[in-house]
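Notes follow once the structure below has been shown.
As written, the chains take the letters A, B, C, D and E, and residue 1 is the first residue of each chain.
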Amino acid sequence: MSRKKTAEEYEKTFAFRFFRWLSGEKDPYIGNVEMQPQKKYEPDHEAALRREKEHDAIMDKVYDTGHNRWLHLFHRLYQTTSVLFCLFLIALLLVTVSYLPANGTVTRPVNNEVSARYIEKGLEETGAVNIVAGMILDYRAFDTLGESHVLFVATITVLILLRLNKTEKDEAEVSDRRFEPKNDAILQVVATFLVPVIIIFGIYIILNGHLGPGGGFSGGAVIGAGLVLYLNAFGFKKTERFFTEKTYKWVCFFSLSFYCLAKSYSFYTGANHLHSVIPKGTPGAILSSGLILPLNIAVGLVVACTIYAFYAMFRKGGF
Amino acid sequence: MNFICNIPFFSILLSLFSGTVCSVLSAKAAKIVNRVVILAVGLMSAILLLYLLSTGESFIYWMGHFPAPWGNEIRAGVLEAGMALFFCIIMYLSMAGGAHKLPGEVVESKHNLYYILVNLLLSSLLALVYTNDMFTAYVFVEINTISACGLIMIRQVGRTIEAAVRYMIMSLLGSGLLLFGLCIMYDLTGHLLMSNIKESVGLIVANGEYQIPLIVSVALMCTGLCIKSALFPFHAWLPDAYGYSTVSSAAILSSLVSKGYIFLLIKIIYRVIGFSVFNSTRMIDVLFVFGLMGMIFGSLSAIKENDVRRMIAFSSVAQIGYIYMGFGMGTQAGMVASIFHILSHAATKSLLFIAAIGLTDVSGGSRRFADLTGSAYRNKWAGVAFTAGSLSMVGVPLFSGFISKLLFAQAAVQVEGKMLASLIVLGISTVLNAVYFMKTVIRIYTATTETPYEGITFRHMKAYAVTLVFFILLNVILGVSSQPVVDMIGQGLAMFA
Amino acid sequence: MGPNLFANYGEAVSAILFCIGFTNLLLQTNLIKKIIGLNIMDSAIYLFLAEKGYITGRVAPIVADGVTSTESYINPIPSGLVLTGIVVSVSVTALMLSLTIRLYTRYHTLDLDEISTQLKREGK
Amino acid sequence: MYLILLSILFPAAAGLFLLIRGRTPLSGEKGNTDRKTLLALTGCFLVITASLVFASLLTVKEGFTLFFLTKTLPIYFRIDGVGRLFSLLAVIVLPCAGFFSFAYMKHEERESRYYGFYLLVFGVLNGLCFAGNLITFYLFFELLTLSSMPLVLHSGSKEAVMAGLKYLFYSLCGAYAALFGIYFLYQNCDSLTFTTDGALRASAITQQGGFLLLTAFVMLLGFGVKAGMFPMHAWLPAAHPVAPAPASAVLSAVIVKAGVLAIIRVLAMFGKDFLRGTWVQSGWIILTLVTVFMGSLLAYREPVLKKRLAYSTVSQISYILFGLAVMDETSFTGALFHVLAHGFVKAALFLCAGAIIYKTGKTRVEEMRGIGKEMPLTMWCFTIASLGLIGIPPTGGFVSKWYLALGSLESGLPVFGVLGPVILLLSALLTAGYLLPLTIHGFFPGADYDYGSLQKKEPCKLMTVPVFILTFLSVLIGLFPNLVDGIIVMAAARR
Amino acid sequence: MIVSVILIPFITGILVPVIPFRKRWQKEVFLETAVVLNSILVWFLLLHHSDSTFLLAHFTGNLNISFRVDGMSMVFAGLVSALWPFATLYAFEYMTKEEHENVFFLFYTLTYGVTLGIALAANLLTMYFFYELLTLVTVPLVMHTLTREAVLASRKYLYYSLGGAAFAFLGLIMVIVYGSTTDFILGGVLDPAKTAGKTNVLLLIYVMAFLGFGVKAAVCPFNAWLPQAGVAPTPVTALLHAVAVVKSGAFAIIRLTYYSFGTDFLKGTWAQYAVMSVVMFTIVYGCSRAVKETHLKRRLAYSTISNLSYILFGAVIMTPLGLVGALTHLVFHAVMKISSFFCAGAVMHQTGRHYVHELNGLGYKMPRVLGIFTISALALMGVPGLAGFVSKWNLAGAAAESGNPLAFGGIACLLVSALLTAIYMLTIVVRAFFPGKDFDYRTVSDIRDPNWKMLLPLFVFSIFIILFGVYSQPVVDFFMSVATGVV
């Protein structure tokens, strides 16, 4: 059953449009080519700022670890992958290890002419009974020079981070007094006995660095431990009598300068094939093995001071 | 032995020693010492470079009384000397350009500490450049890392400390991997000196023994150095570290520190493993892919950034991607391009950082783009310099960036399988570079009618302006007469082998 | 798998330790735990190096009684490397600890993510 | 040679003179004297031009090259048979309509602009007729579109402007489609000078035959736009009603014929032999037949007089095109004859319609009851002209349609040979259906017509005389087809 | 000598802000003299050129900055130097209403030098160098008004241009590596020995480089900058965005196609079809956008987009005739478009009206300007007897002659575009002259034609349009000799 369409309906039909075109009534450019004014471009500063703020808000939300579900999920994923990564790395390294030369055997590439010469000629060339000490302070002294500067630069960064200026220092002092142990009788008594022993032991290690196990670093660490114990037992007031920041600065400066200069001389002479005036001494004696002993002393001083300085810094932010 | 041959040794020791000396000096004296040392080292490096160019041969310098497999050595060739010279120039200019910001951002009493760090950083860079011993390299990598960390957090705001922590974590991961790789390598070869390792590696490869450990060791070392030099997936620490530290630090970090590691990697590739052996591992493909990804993603992150300095920092990620792409090509030409890009990027990036600080200074210290509007009119010198740097980054002829792009593309064409990928990514990355750098340039040249900020004239920033001029000159020189530099790099690489 | 996995048990253990330390350094959000991870990692490397130097049946390279033959002492080089490594490790640990202290006094938390969030909130 | 040039340049120059002199929009206010000079000038120009054209038609035999556009594109003029025929049509219709408009345009604004463009059109038409090669032809074809467009949109109303633009763009569309073909003709012919039997190189036909057929079809379609052929006819019913009546007359009688002329030329360039029996021919015939039938049908249902005439034009022009499409000598003659017949008749009809509009203001057919009583002379002319269009014997229309049907039947085309005449007849019936009611109701308004209010509204001489002349001519060629035959034979032979 | 014509504009430009002119006319005279002198010098150089190459500097390796005058350079340099003095004259008048004149003239004159540098470059590297430079010196001109719109526009311009150059750069690399030299030699410099087996890669790079240079020539996906750049002062839009800058893009593509890669290498490959399709699409696209656009200058800019692709269409036909077509349109379109732009500028300058619908009835008040506009509109449409027809004829003729089926489609595109051109140009004309019945003439009562400084260039250009239209033979002959390598 068909019914007559209304005019509006008819206008939507294809037939109508076709017929309109056929009879030339359709104007292709009415509504198309006709020129309408376009909106003028308005600079919109506000919107830009608003956008920026919204961006920040979104970022806030993203970083809101407590409430962001996706972030949680991401963390989970991150952790899982990290564990997997760790396992993978373990597997990889184990495979690698399994292909490495067998442990404890003499035929490994490690045991070549280098170590042989260190062992065979070490005593003669460096004058140190402790071959390891001879190696690190003579054969490969440049590494060790660098190493001591690593320590130096680490203290510098710790200083940068933790050293307080005058006013802060006073506050820190107050809080230190309040919270840290003080005038503990047991500790003080024990320290009175132990500290000298520890320090003397440290000195012994340093001085015997070229003769037996030990050396500047270990000895310095022991001395440093003694100083720390002293500080713990008696507090800053006592230590400040003999050890202030200035002391530390100058000790470090002189030790390192000495180290630097001494090694420079040694390197220079070595490289230019000059004769070094420093005597090797008799192997086995305290005063032997050329520069190794003084260097051990210098390093020991630096390390002792540094260990103490680290502790003081961590505890209070100053000496 | 010629006296000039002592120069590498002198320059390392001088900068080390000056670090120690600075610890007892006042801020002012430390500054002078610092400048003098950098200048002196630069001068010495220049002399050394001339000497090496004239002799045409590299030389080995004993650090001690013992020869190769026993003692420690350093080695100097054209490339090393050139690098040292260039690092000194960049460092001096960065220090000079950022000096005026230091008092505001760092407590007065810690200034001398800052200079200690800079001196030690210089010495570690020099050591990395000159050393011929893997373990020495490791030790100085650590000095480099710690002092760089110090440079980041010398300006003590929350962001920098956090950035320093992140930097340290990534760096330590990197050093750990490097050290482990090094140990495996030592186990395989029994040597620590580069030349000796190389001989042994040659033997190992020839025998066919220990293939897997060798590859793993190479991979570990590479990964470690990649992490340290912020190759793409390991760059998370970089934007904060570069973006918030004091300006000299940012300039030095972005242009020198990461480059030191990259140079070490080059040394490892050439002097430890051997170029051909390295190329036969799949490592170069990995580097290539990550390089390309870095080029794209670094730029994309930079585009999204709303903070000018972080934007520049992200751009560094992209540029480091370029360098690794050059490595990844596995050809001599790619390597030359990478090395040239190290120079060009160093010259440009530090310029950009220093120019950016000039712009933010006249915008109330804000680094948001909205506040930077029109800042180039307030600080004309910085505006011009920033523009020049941007153009160089985008690769406009006359500036150094163009030459490195040219070299990269030329190198890429010679590598059959990687040519198309690298060329296309090169193009896309240039487009992206153009987007964010030009956005900034246009922004700073957009005049605003009402601005709360005051301009600054030449009289108030003579040193700063002069520094900028030098930087631009450096860029243009690299861009215009690049041939000698390229030749030198080629010569240096030849000496490596 | 190569032939020497069980012969190299020391190295194997050090490899596992290394990975544990590595992952801790990477994964943990707590800064102190990260530092512990770092130390584990470093120690693993020292263990590895120590194993490298060891030769069955020989003693530490301290010349006793003037005997300087290769057969009696272990390889001195790894020991030297370990010494250097330890110092580096100490320095780095100190630096990390001081950074941690600094962050803790400022943000009263050791969680790195938490710190980041607070930083973003600060907006600077 | 100079006559040709003069007959083109003189009206053009005169038109430009009028345009520049009277460019102020309010010139009408300056009073009557001003208008009189304008009319006098225009009249003089029209007469001089017409005589120049006649003179050149009679005397000039040789073609000549004016100059070269580029090395291989000469601007070349020549008078041949077809050109002569069309020129004749133009030179009669244009002055008639021109004089008619002196009266008609009395109340319009900016007459000088109108006359200026009118004269321009005259000149361009002359150029078109005298063009000797395709490029020259194309040049004038474009100019014709451009210069006649202002005539369409003269009134300046929104519809007029839109219709003018529509006209312009349809025509240009056609012209460019044709230009597409010209490029390829140029490639595949030795020269673009008009010939009678195909100028394509033999090698081109063998190599690119299929493509050239497509080209030919595109060209036919393109020029067909101007001739109001089916798919692109829509501009005609839009443009005619809004233009002033004399302009519509010229448009419908002459300008539309330019399309026909163009198609004749194209046909000659391609050669009938090349096209005969191909899909191009059948497609074209279908289009023309559709147009013929559709035009009549649309006219039949159209209430507005001028628009009805416009649809009629659509239909009638396709008669001509059909005659051409059959490609038979007889139908060709018929087509040429219809050019003249339709030209005179349609001009007369439009002028009548113009007179009615001018006098009574009535535009719709149903308002025109009793119009024959008011304007008997005009309506008589209208009736006679209608008969001519329907094709009742004494008029020219009969002769032409006879030839067309005859030719179609003779041609031996498979389907269309027969279908064509049938549709022509159907269309003629429809023509009668849409034109005669006007006459019938005009003269016999019916019983309820109010004779009391009737008043004579016969227009002035300036209007009636041109109508007379045109009506007379349309009858004349019907009564004495031989008068025209001479020209037509000449055209058929020398084309 | 060659260098001097590039340097003189540089020096002049830099002198403008430096010399303290007391009166405005002194500056005008100074500038105009310099520009005219330089133009004369250029023409002298072109007419008395020798074939030798002038080496300015070594860049790196075998790459150098050098200049030479060959056929193509003569066309482009001649065109630029002929138009520049007029544009400068026009700019004097136009800039009276704008700010920071000195900066404007500084960069305006610099651009002259850079454009000549592109024209006279002897090898691809030199051209690339000046091409990049062109981007940089024109950005300040686009930014000149310093409105937000202008800033956005110039930003976009920079992105597009530099990005495009990045891809064009790849083409440069290919030519450096696979070519025997980077110098321009008609027929290409690719070394068949080196390219063996790498054809597809080279073609891909060619397409990229084409699109890269195509950015300046506003090829379709990369055309968005051009209409936006219309915010610049009209002398800039007219001369740079209708002639110098965009034509440099087209010029560069021609150099790349005909003088570096070589048509033998490219013809009939998929690369040709690819670029041709892009170009054809642009032809139609530009026009359609122009029809839709209601801002006068932007409409003309879209028209430029379409017309530039005409040139490129000629270029990618890759026959000598195609090159002739391209060159013809290069020159003729320059004259037509600069003329229509100057008209638009004159209207804007005199009335401050920017949109097409605001132009109603102006034809009676500014008959000279709009009359000339009509002429250029007709010429752009390709009405026979005006310049546009000749160039289109050459283009389409070349396409028809090439026998390339896609090129036939290209002819259709040209014609569709011509129709659309008619639509968007003539609607303006109709509006201006036939404002409609109920138009209130009082709204335009105090508007009049501009003064001679603006009109003189317009007249000269329209004379050239007509002259080229009716008597183009010598010019086309010259192009023919360029295309066949005789010059």
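The working rule: a residue touches a chain if its C-beta (ideal position, glycine included) is under 8 Å from a C-beta of that chain, and two chains touch if they have at least 3 such contacts.
Bear in mind that the values here come from a model prediction, so they are computed numbers and not experimental data.
The fewest steps needed to get from chain C to chain E, moving only between touching chains, is 2.
By number of C-beta pairs in contact, A-B leads over the other of A-B and A-D. With centres defined by CA atoms alone, the chain at the far end from chain D is C.
Here the chain at the heart of the shown protein, by mean C-alpha position, is E. Averaged Cα coordinates give chain B a centre that lies 27 Å from the centre of chain C. Between the Cα centres of chain B and chain D there is a gap of 83 Å. With centres taken as mean Cα positions, chain D sits 102 Å from chain C. Measuring from the averaged C-alpha position of chain A to that of chain E gives a distance of 59 Å. The set of chain E residues touching two or more other chains comprises 148, 423, 427. The set of chain B residues touching two or more other chains comprises 135, 139, 142, 146, 149, 153, 156, 161, 186-187, 192, 212. For chain C, the set of residues that touch two or more other chains comprises 2, 18, 22, 26, 52, 77-78, 84, 88, 91-92, 95, 99, 102, 116. Touching chain C in their complex are the following residues of chain B: 135, 139, 142, 146, 149, 153, 156-159, 161-162, 164-166, 168-169, 172-173, 176-177, 179-180, 183, 186-187, 192, 212.
Looking at the complex, you find that chain B touches chain E at residues 391, 394-398, 403, 405-406, 409-410, 412-414, 419-420, 423-424, 426-428, 430-431, 434-435, 438-439, 441-443, 445-447, 480, 482-483, 486. Within the complex formed with chain D, the residues of chain A that make contact are 21-30, 33.
Interface residues of chain A facing chain C in the complex, by the touch rule stated above, are 56, 59-60, 63-65, 78-79, 82-83, 85-87, 89-90, 93-106, 110-111, 114-116, 118-124, 129-132, 135-136, 140, 143-144, 147-148, 150-151, 153-155, 157-158, 161-162, 212-213, 215, 217, 283, 310, 313-314. Note for the complex: chain E touches chain D at residues 364, 367, 378, 381-385, 389-390, 393-394, 396-397, 399-401, 408, 411-412, 415-416, 418-419, 422-423, 426-427, 430, 434-437, 439, 441, 469-473, 476-477.
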